[in-house]
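Letters A, B, C, D, E and F mark the chains in the order given here, with residues in each chain numbered from 1 onward.
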Amino acid sequence: MFFHRKELQYHAKPDRPDPVYAKKLQEILGGQYGEMSVAMQYLFQGWNARGEEKYKDLIMDTGTEELGHIEMISTMIARLLDDAPVNEQEKAAENPIIEAALGGMNPHHAIVSGLGAMPENSTGVPWNAGYIVASGNLITDFRANLNAESQGRLQVARLYEMTNDNGVKKMLSFLLARDTMHQNQWIAALKELEEKYGTTVPGTVPEEWEATDFSYDLMNFSAGEESRDGGWASGKTPDGHGKFGYVETPEAHGGKQELKPAPSYMHGTPPK
Amino acid sequence: MFFHRKELQYHAKPDRPDPVYAKKLQEILGGQYGEMSVAMQYLFQGWNARGEEKYKDLIMDTGTEELGHIEMISTMIARLLDDAPVNEQEKAAENPIIEAALGGMNPHHAIVSGLGAMPENSTGVPWNAGYIVASGNLITDFRANLNAESQGRLQVARLYEMTNDNGVKKMLSFLLARDTMHQNQWIAALKELEEKYGTTVPGTVPEEWEATDFSYDLMNFSAGEESRDGGWASGKTPDGHGKFGYVETPEAHGGKQELKPAPSYMHGTPPK
Amino acid sequence: MFFHRKELQYHAKPDRPDPVYAKKLQEILGGQYGEMSVAMQYLFQGWNARGEEKYKDLIMDTGTEELGHIEMISTMIARLLDDAPVNEQEKAAENPIIEAALGGMNPHHAIVSGLGAMPENSTGVPWNAGYIVASGNLITDFRANLNAESQGRLQVARLYEMTNDNGVKKMLSFLLARDTMHQNQWIAALKELEEKYGTTVPGTVPEEWEATDFSYDLMNFSAGEESRDGGWASGKTPDGHGKFGYVETPEAHGGKQELKPAPSYMHGTPPK
Amino acid sequence: MFFHRKELQYHAKPDRPDPVYAKKLQEILGGQYGEMSVAMQYLFQGWNARGEEKYKDLIMDTGTEELGHIEMISTMIARLLDDAPVNEQEKAAENPIIEAALGGMNPHHAIVSGLGAMPENSTGVPWNAGYIVASGNLITDFRANLNAESQGRLQVARLYEMTNDNGVKKMLSFLLARDTMHQNQWIAALKELEEKYGTTVPGTVPEEWEATDFSYDLMNFSAGEESRDGGWASGKTPDGHGKFGYVETPEAHGGKQELKPAPSYMHGTPPK
Amino acid sequence: MFFHRKELQYHAKPDRPDPVYAKKLQEILGGQYGEMSVAMQYLFQGWNARGEEKYKDLIMDTGTEELGHIEMISTMIARLLDDAPVNEQEKAAENPIIEAALGGMNPHHAIVSGLGAMPENSTGVPWNAGYIVASGNLITDFRANLNAESQGRLQVARLYEMTNDNGVKKMLSFLLARDTMHQNQWIAALKELEEKYGTTVPGTVPEEWEATDFSYDLMNFSAGEESRDGGWASGKTPDGHGKFGYVETPEAHGGKQELKPAPSYMHGTPPK
Amino acid sequence: MFFHRKELQYHAKPDRPDPVYAKKLQEILGGQYGEMSVAMQYLFQGWNARGEEKYKDLIMDTGTEELGHIEMISTMIARLLDDAPVNEQEKAAENPIIEAALGGMNPHHAIVSGLGAMPENSTGVPWNAGYIVASGNLITDFRANLNAESQGRLQVARLYEMTNDNGVKKMLSFLLARDTMHQNQWIAALKELEEKYGTTVPGTVPEEWEATDFSYDLMNFSAGEESRDGGWASGKTPDGHGKFGYVETPEAHGGKQELKPAPSYMHGTPPK
């Protein structure tokens, strides 16, 4: 069960409206690695968690915080859109600044939401749940979370480069900080889990299920052997069970790719 | 530039047709973490790579291999569909085995592809590129890759549990092995990169950009303090720059979430 | 800013597992009118609200409650999946109950989420934000809300018909009740708003913008005149500004649908 | 069965080409509440209608008219694109008007459709049938229709603000008028249906199915009690069956959100 | 402008309900090559046509007919769903026929549409406009149309194999016939257009734009030279301008795939 | 199994960066008819092929080549993005060229991919597998291929018109040439297949399945008889089995579109 407080977690006031930047900011709201993604990913992971309570609580703490981040960025977008001059075509024809504002806006901000945030990314594609995962295996899910927070912080850093507005930068500085925390927390939690269950996911696969001859070899499918020169091509493997090998010329083990003729009731191309 | 050999990388021959299982196997072909996802993710990362050649080569080796995995699983699906009794409604009414085969099939396997693989997941949703990422930052991308290989191996293990067919198991044993390698290789590459550039991504954000007061605190947004008990709530942070803290009662720093009235030309609800 | 309590708003315990029903229940979690839709629709409306505080608060109260409904239904789905016999193919061949459980399941529940809820509908299509709206005009948005709660309650009633499980029915009885409240609340709020701003949305369009000759006529584009017999074809219009008319044979006012030849640099079919 | 006349229902001739505005106009053609949505929504409702003939005829009259509106807006878009200077990059470098035309265009109008309308919205997202509904219950469907016509008219009003072209305004004036009619007709039809079947949808749910203790209370999940001040928090409910209540501090009735450990064959995180 | 007659173009009455088959039939209603696709594809081609009137009229004739086909198949689906036993779980537990009906149904037919057709395909994926094309070049569009009618007729033939119901077969026999006509008509129209404008689309590309050394060679990128044995590897080319060649070992002409280092403000992986 | 060479098939070096054009070029990479579509379409056709080896080899030759085309266009896009001035807002305010570069860019190129290609089209919509087909019937699939290569070459020609950059034109000249070859090859292959199996797909439908009275008539559903004047309305049909007819006033053969009342357990609108 959730409760809402009306105050924002952190400042979300731009120094001045900027409808073009509002469009770009949509990426970290409704994009592949935006706040909708992390909030929903964590909440589903928490609700589906079937293991230790402390992991579940950690996930729910973070997922609930992210709901507040959607709120902050939505607020910032709406404020960047304040008084966007969408009806000033005539002035735009003469004034390059108004023209730029009109030309670079997301049309949805004017036509659909009436100067509010949209649940979509910076190119106007609606958020969808194909972005997220909750698998029931915490090691792999925390790897997904670590990636999400890393992609997220990278995008925030790029957006920071793309503005001069100190109010916007203030909000971004907070997101940079929280993404630092979240990266560190998932790394710490992964360390703990990997020590218990191993680094290869899932750790519960019996050895006899696996074609172990192929478990530790890098196969050179792209001409050139630059890839031989790295910690992944020789030495002990991180999971502690093998040694990396390098296969210069990968072989085919599986016979020709060919199929039986189709039955006539499928109306395909008849066999020769 | 790519070249193709007609032999499969590994065996992909089921002991017997099984159209219901063919539907399930679609998940690791065209699902969120299927082979289409890893192939396309790695190839885009490779083509976009702007850094050291050895990483690019590693990525291209792996991406090119994954193209061959799409091929193997496609072949297996087509063979599991051999002679699927899609026109035997009358027998199905009497024979529960035929009935099960008809009822549990993906209708696309009969109507659209004519007993061939589909570029879609186990519920029939087409693959889409919103699943993948290539960001230009290798640490976060390799984290995405590590997650993808972990989710992928988890799904293969589950599918292994769901079949008795030794031919299918043989192919899955190979995928388990290659996913073991790929998890290990991305871990090894991450170790190298993180040692150079730090664990917090991106490592190039100047400290003054960040609201560092908030960089290392876990905030307790979900009632209960089970989350206090873990390596993420006290002690040194993995990035080496801070100490974890725990905020029992997170505060609001951002003022009330409220917006200016809308301009009349937006035709929203008028202000009071 | 949001806070989470670990207790559920209402009971979500089935009497027994039922993985086939779990698939159906996904519709009111991640379908077009599921709880993800109403939660996200209301929250975006609240964050974008630029009018009177009491409407905004009403919206946020309801949106925050709906987050708790996603949680309840997710929990119910996970419990319906407890111990789903996904690895018992051999028994299924003999036991029609196990067979039905395997055949009718959403494969994602076994392969992707590991017996947890998925953010998708009953056919396995991921939720997407194209389902929701927040326009900045509360009358039309509350109409959207009234529709969503009506579609939602209709779907809950149908799902109630489709189960014998008293634990499931208990949860559905609560959802039926809350949807009753939410329909009534949006009707009450609409009454208040329509009295102030009129029933035709938006009420701020100047009369001279409108081709008023066509504002109140039903046009008979489908052969047969059964549609003449209703309150929409004669008498005063609900907005109080006109009288309904009925046009038996609609006319074309707009000239032929024809276009200029394409310029040659578009490489279309050349003009005759 | 349908027949087509070549004349347009109303004028669709702009005074002059304007490829930037053509992009915006796509919203009411192929957007969430564009003409493709209302046409398809009404036609599916009509084809699926299992009740009184007069409602079915009303729906088919309107759905068939909307097909003609898709035609009008498509025509307008194509005419706004006449001779769009897509090959004049050199002039654009010097001439800000040509530059604006090129920069603000939907690239599909040049590359894909060759100066024709696209079945997509103003950000270039293709129309999809997840926007529409036909539930078999006319009260809720007419609520969906009333919402669609309200959102549609709101978007037309906003687009009217965004142009100076009298030819465009003429077409929009007709759409404003028809949306006025369609809002009024659905209100009138709803009045008739609600009088017969009640305002809470569906009216056929037996009282004993419902947890009626929760049917009429507003729950205060967002801090602050501004929402207490409205017709939805006290007094008789619109359905005539209850009295609104207000719950200041909503309680949890459902016990802790926790799940059984996962079975080992799911390869999730092992229980503690 | 469109008009509607209430009679169906052809018979659409099944001999008996069959909710499992209703799900399959959705493919030719709302699938990639279903009637929604051809109707919308043709109508957009017609509205965007900028060439000779007779082609535009041919397209509009056919597109308008297809609207009637959506109607026929929708009707058939609704009738196949008549009295679907969605509330008979208890009987299903004992009666394999009821069980099959429940297990094989599209859940949307029960929960969302209330026993009506859905605008989606046989796996429950909503129709979307990314399936269709209207390019402004009639030769390529008629090729798209010929393909659509061919895929469509193939799917109808497969669905014919999958039923014993004479009423269903009657409707399919009509669709087979109309698809025969439509294939023949597009072939005839293509013949006429190709004679005028050539077979290579677009015929208006100046020769000097093209790297003509590569215009007629088959390149052997897949090991094995079976592809050498066909009319595409030697002899005159269909466009009459060249002779087919065969390149046994395709060469790379483009230099190494490598990129400049990224600028630091992108926060990617730093150069070595 | 696939192998990769690091050299590009052809030159992909622009004379100078142009981030606005990079956005447009995405269409032929990740659009409906971009290189991802043809590569994936051909590979799935090849893997699913159940007929003569020479067709399968032809398909795999071409599909493998197209993988190299994705690579070329990705490379070109990344090079067009070199040093895009995404952090130069201040200069943009004064310098219209920088402003245009920023305003017309795809925001994903800056925020998501870090100056690399995206797997999406020119409006930023991700590629999805609903674009492609592999049906098991080669005649219809080769028609799909012929269409894809025709749409593709048309789009390349339009993009050629839209640039002055000789490096870009050089790459496009190669794509024009390869699309010429691919159109010619599919025409040649179709000729061979149609001679064997007939032009109406599928050629295996028994005559008694078809309502042959309707197999060769053009029906005049759009007012005006311009469509009578063409090779599709009179004379022998291309399949050699009939004569075209023309039906001036199409009739309804199917009775009224009406349905039985819904059962009460569906909670639809009650019958009158």
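Structural remarks
Basically, a residue touches a chain if its C-beta (ideal position, glycine included) is under 8 Å from a C-beta of that chain, and two chains touch if they have at least 3 such contacts.
All figures in this text were calculated on a predicted structure; none of them were measured in a lab.
Any chain touching chain C that also touches chain F appears here: A, B, D, E.
Chain copies chain B and chain E are related through a rotation whose angle, from the C-alpha fit, is 120° to the nearest 5. Of all residue numbers that take part in the contact between chain A and chain E, over half occur on both sides, making this a same-residue interface. Comparing contact pairs by residue number, the interface of C-F is reproduced by A-E among E-F, A-E or A-D, since over half of the pairs coincide. Separating the CA-averaged centres of chain B and chain D is a span of 33 Å.
Centre-to-centre, using mean CA coordinates, chain A is 27 Å away from chain C. For the pair chain C and chain D, the distance between mean C-alpha positions equals 11 Å. Shown for chain C are the residues that touch two or more other chains, namely 1-9, 32, 47-48, 50, 53, 55, 60-61, 63-65, 68, 71, 75, 78, 86-87, 96, 103, 110, 112, 114-115, 120, 123-126, 128, 130, 133, 135-137, 139, 154, 157-158, 161, 202, 204-205, 221-222, 224, 250, 252, 257, 259-260, 262, 265-268.
If each chain is drawn as a node and touching chains are joined, the picture has every node linked to every other.
If you check the complex, the residues on chain A that touch chain D are 1-6, 47-53, 55, 86-87, 89-90, 93, 96, 99, 102-103, 106-108, 110-112, 114, 120, 123-126, 135-139, 193, 197, 202, 204-205. Interface residues of chain E facing chain F in the complex, by the touch rule stated above, are 5-13, 32-33, 46, 53-58, 60-65, 68, 71-72, 75, 78-79, 82-83, 86-87, 110, 114-115, 125, 128, 130-131, 133, 135, 137, 139-140, 143-144, 146-147, 150-151, 153-154, 157, 160, 169-170, 172-174, 176-178, 180-181, 183-189, 191-192, 199-202, 204-205, 209-222, 224-227, 229-232, 237-239, 242, 244, 250, 252-257, 259-260, 262-263, 265-268. On chain C, the positions that touch chain F within their shared complex are 154, 157-158, 161, 265-267.
Remark: chain F residues 1-9, 30, 36, 40, 43-44, 47-48, 50, 60-61, 63-65, 67-68, 70-71, 74-75, 78, 112-120, 126-130, 132-137 touch chain B in the complex.
Contact residues on chain F toward chain D in their complex (touch as defined above): 20, 23-24, 27, 31-32, 96-97, 100, 103-104, 121-125, 154-155, 158-159, 161-164, 221-224, 250, 252, 257-262, 264, 266-272.
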